[in-house]
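Below is one structure. I have some questions about it.
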Amino acid sequence: MRISRSLPPLYIGLIFTLLYLPITLLVINSFNISKYGYVWQGFTWKWYDKLWHNTALKDAFLHSLSIAFTAATLATLLGLLMALALYRYRFPFKRTASALLFILMLSPDIVLAITFLIVFMALGLQLGFWSLLISHITFCLPFVVITVYAQLKGLDRNLLEAAQDLGAGERSLVRLIILPVLRPALGASWLLSFTLSLDDVIISSFVTGPGYEILPIRVFSMVKVGVSPEVNVIATLLLAISLVSAMLIALLLHRKKDEKT
Amino acid sequence: MLRTACVHLRSPLFSRTLIAITLSWLGIFVLTPHLLVMMTSVLTPDTTNFAVWPLTFEAYTRLWEPLYATVFLDSLYLSVTATLFCLLLGYPFAYLLSRLGPVWRNVLLFLMIVPFWTNSLIRTYALKLLMGNRGLFNDLLMGLGLIDSPIQMLYSGFAVTFGLVYILFPFMVLPLISSFDNLDKTLLEAARDLGASAAQRFWRIIVPLTMPGIIAGCLIVFLPAMGMFYVADLLGGARNLLLGNLIKNQFLVMRDWPFGSALSVTLILMMFLMLAVYARANRRIQRKGGLDDANFA
Amino acid sequence: MSVIQLSKVSKRFGGQEVLSALSLSVRQGEFFTILGPSGCGKTTVLRLIAGFEQPDEGHIKLEQTEISKTRAEFRPVNTVFQSYALFPHMNVFENVAFGLKMAKVPKAEIRGRVEEALAMVQLKDFSDRRPDQLSGGQKQRVAIARAVVNKPKVLLLDECLSALDYKLRRQMQIELKQLQRQLGITFIYVTHDQEEALSMSDRVLVMHKGSVQQIGTPREIYEAPSNLFVAQFIGEINVFEGLVEAELPDYSYRVRLAHGGVREVRSDFRFAQGEAVHILLRPEDLRIHYPRTGESPPGFQGKVIERNYTGKTLDSLIQLESGQQLRASEFFDENDPDFDYRINESVWVDWVHGWEHVIPQRPTEHA
């Protein structure tokens, strides 16, 4: 009757193998002399070298990083302001605002992609850096707001009242009480936004312009045709980036938990 | 003293700025665009100006033409299959994870999330290498003597489904785990006490009580799955299209924006339909779910 | 006739022994209470009987049939959980009908029996309510109805009144007792509340650190505790230490008290000469006198250091010259409405011969 004891670990192990197998293979292949297949034929840095000299690809990578960096920073800032507004104030259309954030979070990327495309066309905005930046900021927003808002909700309201009682105005309240408390949430939000932005393919495909090519578009056209070892290198670099930010997020949120107890 | 006096002046400017930024950003980049999509879907297509007057429901009626209906249903079928596989694989996985000690559980959850933060396009490409005729899967199967010659995995509905499951699996597991966490273990004991067998406990207690997680998981797997055109582009054949491929095609190739918008509106409607089902399931077990917009309210 | 019998049952959780060779026997149709401080293993006993845990050693018998290997879902016992554990996705009717449905009782019969059970707990009109639309007391009643509707051989109740407020708890105690009498089902009730245990039970088992301290009627437990733990856990008690000097006829002994003085005491225990004993006295068994000048009455001299008016009684804390503190509780005398003490007032404390309960200081084996 009782499920055999070895079955659950076996199942979990199988799932993890399937999750990790593909990317592990890419990482290994990025150091493999062989261009085709996964059979190990010797260690090499040549694909890294090749990426370094592939100006178009390198530019796309740098463009992606700068979009991700700027979008993450601005989304964190904007999300912070929104979370504060939603937490601190009553205002008309507040429910609409939170419903819009909810829709934003849940809408499939493909829907967001065309909404952005249409609004940029309607506004007469040239597709390129700005359209990419605005759309990346926007789709990161709900995740920032949720993270920050959750932490604000955990904040003792008495703390704010005590501060006001001691003479703190709205701005000093935010600067001296709220921001320090929110630091871990803001850090986590920034990292999350950064990775979300780097990960995006669908929205970027719609709002990108010829003047500012970013990584997914470049990679897409490369892998559609066939095998390209530079993509393995990019995969390795991206994996390293997301591993680091995932660990940082875990650390930030873990510390937050410690402080609570 | 003077400083104290200054900050005592409540600054409505500060709060007003915050509110203005919030409302205008969401208004301009979320509300208006969604309204524009809905509007575009009832306009007439135009090659130079994308969409022009007069109003027409032609885009929606075209959805029912056999040619498009078939493609639409095929894409729906791929996404539904992927969602079901995610659920079938993810449900026991989430259950097992939720029963582990907190340390192991968090470590495994972390490990599950890390790969899904790597660019999904690149992960799809990795699958392409695995599933190729000379890829690891075929070599493994041949090595085990299960097959004599490589089977064609790529460029098929199977490959697309596999890719979608691979990429979206964590999205299914996360809400399921939180559902299992919220499941009160004494309810299972109570059911045992009242004579329910393991199967009865599963169908009558566990499944209904984790239903919000099941629906939330399906929701956040199914909706993106409809849109992931690059998975179909890389892994599927000419006939294995997702709704995303259709929409992309209408916007970037055919330049038929009203029809593309109508397809998106359909997707939005499906989203709201599933949300309604989710809300109902949550009400049924008297719980506010993780996807509730009360998170912001 | 015993309906439940545990013999030498042991249970360990992760190397920690929770129950050690515990034996007990519950009679058909009685209200049996397992009383003990939290962590004493009382809930484990209940879970073993219900089948949620398996004993590491020993036997559990239900009406002479060994059941320790029987799975919980096949045991003819039902549990009322501490948290009630009502299924949130079912209404009251569905909750109560659950066990009958599992037992494949015909639909028509289910309706009748559920309605009967609901009527019994006065929730006839609540069939369609969902658990979150019920008050704590109502949830409690649904939980009871859900269990008794299955006509179990034994009903297990796990601290199920502890979440209710005082007044409601008193009321539910009475209702439970009435229900038990009406149904004739054996109830095994677990609680840490000694007042509850004394007022509801036919017999009480006092547990401590995984073993039985005493089994007896509430009166036996209160008036003749078998050891110091039971004495101190149930109600308030004053303890005097002494040494047996001589055995006297008629179950009496002469005991030299540690505070000085010699007393004659009665005891059901057999003591050897020179054996150390505890003399136990409930606060209401102490007598307080005012000393008259020149007189030296029997008992101990002390002074009142605290007095509390409780309505029914006047409770006082008296410090003896030896430093020991005694609690006394006196009912008001109708003839003396102003009866009270001043703090620091000098008094004599004594007790009526024969009201004391004397137990050996050495640990006693439970009979």
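Each chain gets a letter, A, B and C, in the order it is written, and its residues are counted from 1.
Everything that follows uses one rule, which is that a residue touches a chain if its C-beta (ideal position, glycine included) is under 8 Å from a C-beta of that chain, and two chains touch if they have at least 3 such contacts.
A quick note: this is a predicted structure, and the numbers were derived from the prediction, not measured.
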| item | value |
| --- | --- |
| Contact graph of the chains (line, ring, star, complete, other) | line |
| Reference chain A; chain at largest CA-centroid distance | C |
| Per-chain Cα centre nearest the global Cα centre, belonging to chain | B |
| Distance between the centres, which are taken as Cα means, of chain B and chain A, whole angstrom | 16 |
| Whole-Å gap separating chain A and chain C, where each centre is the average of the chain's CA atoms | 60 |
| Chain B and chain C, separation of their C-alpha mean positions in angstrom | 56 |
| Sites on chain B at which at least two other chains make contact | none |
| Interfacial residue positions of chain A with respect to chain B in the complex | 1, 8, 11-12, 15-16, 18-23, 25-26, 29, 36-38, 78, 81-82, 84-86, 88-89, 91, 93-104, 106-111, 113-119, 121-122, 134-135, 138, 141, 145-146, 149-150, 167-172, 174, 195, 198-199, 201-202, 205-206, 215-216, 219-220, 223-224, 227, 231, 234-235, 238-239, 242-243, 245-246, 250 |
| Residues of chain B that touch chain A when the two form their complex | 4, 6-11, 14-15, 18-19, 21-23, 25-26, 28-34, 36-37, 40, 50, 89, 92-93, 96-97, 108, 110-115, 117-123, 125-130, 134-136, 166, 169, 198, 219-220, 223-224, 226-230, 233-234, 243-244, 247-248, 251-252, 257, 260-261, 264, 267-268, 271, 275, 291, 293, 295-297 |
| Chain B residues within the chain C interface of the complex | 184, 186-187, 189-197, 200, 204-205, 208-209, 284-287 |
| Complex interface listing, chain C residues touching chain B | 50-52, 71-74, 77-79, 81, 83, 85-89, 98-99, 102-103, 130-132, 146-147, 150 |
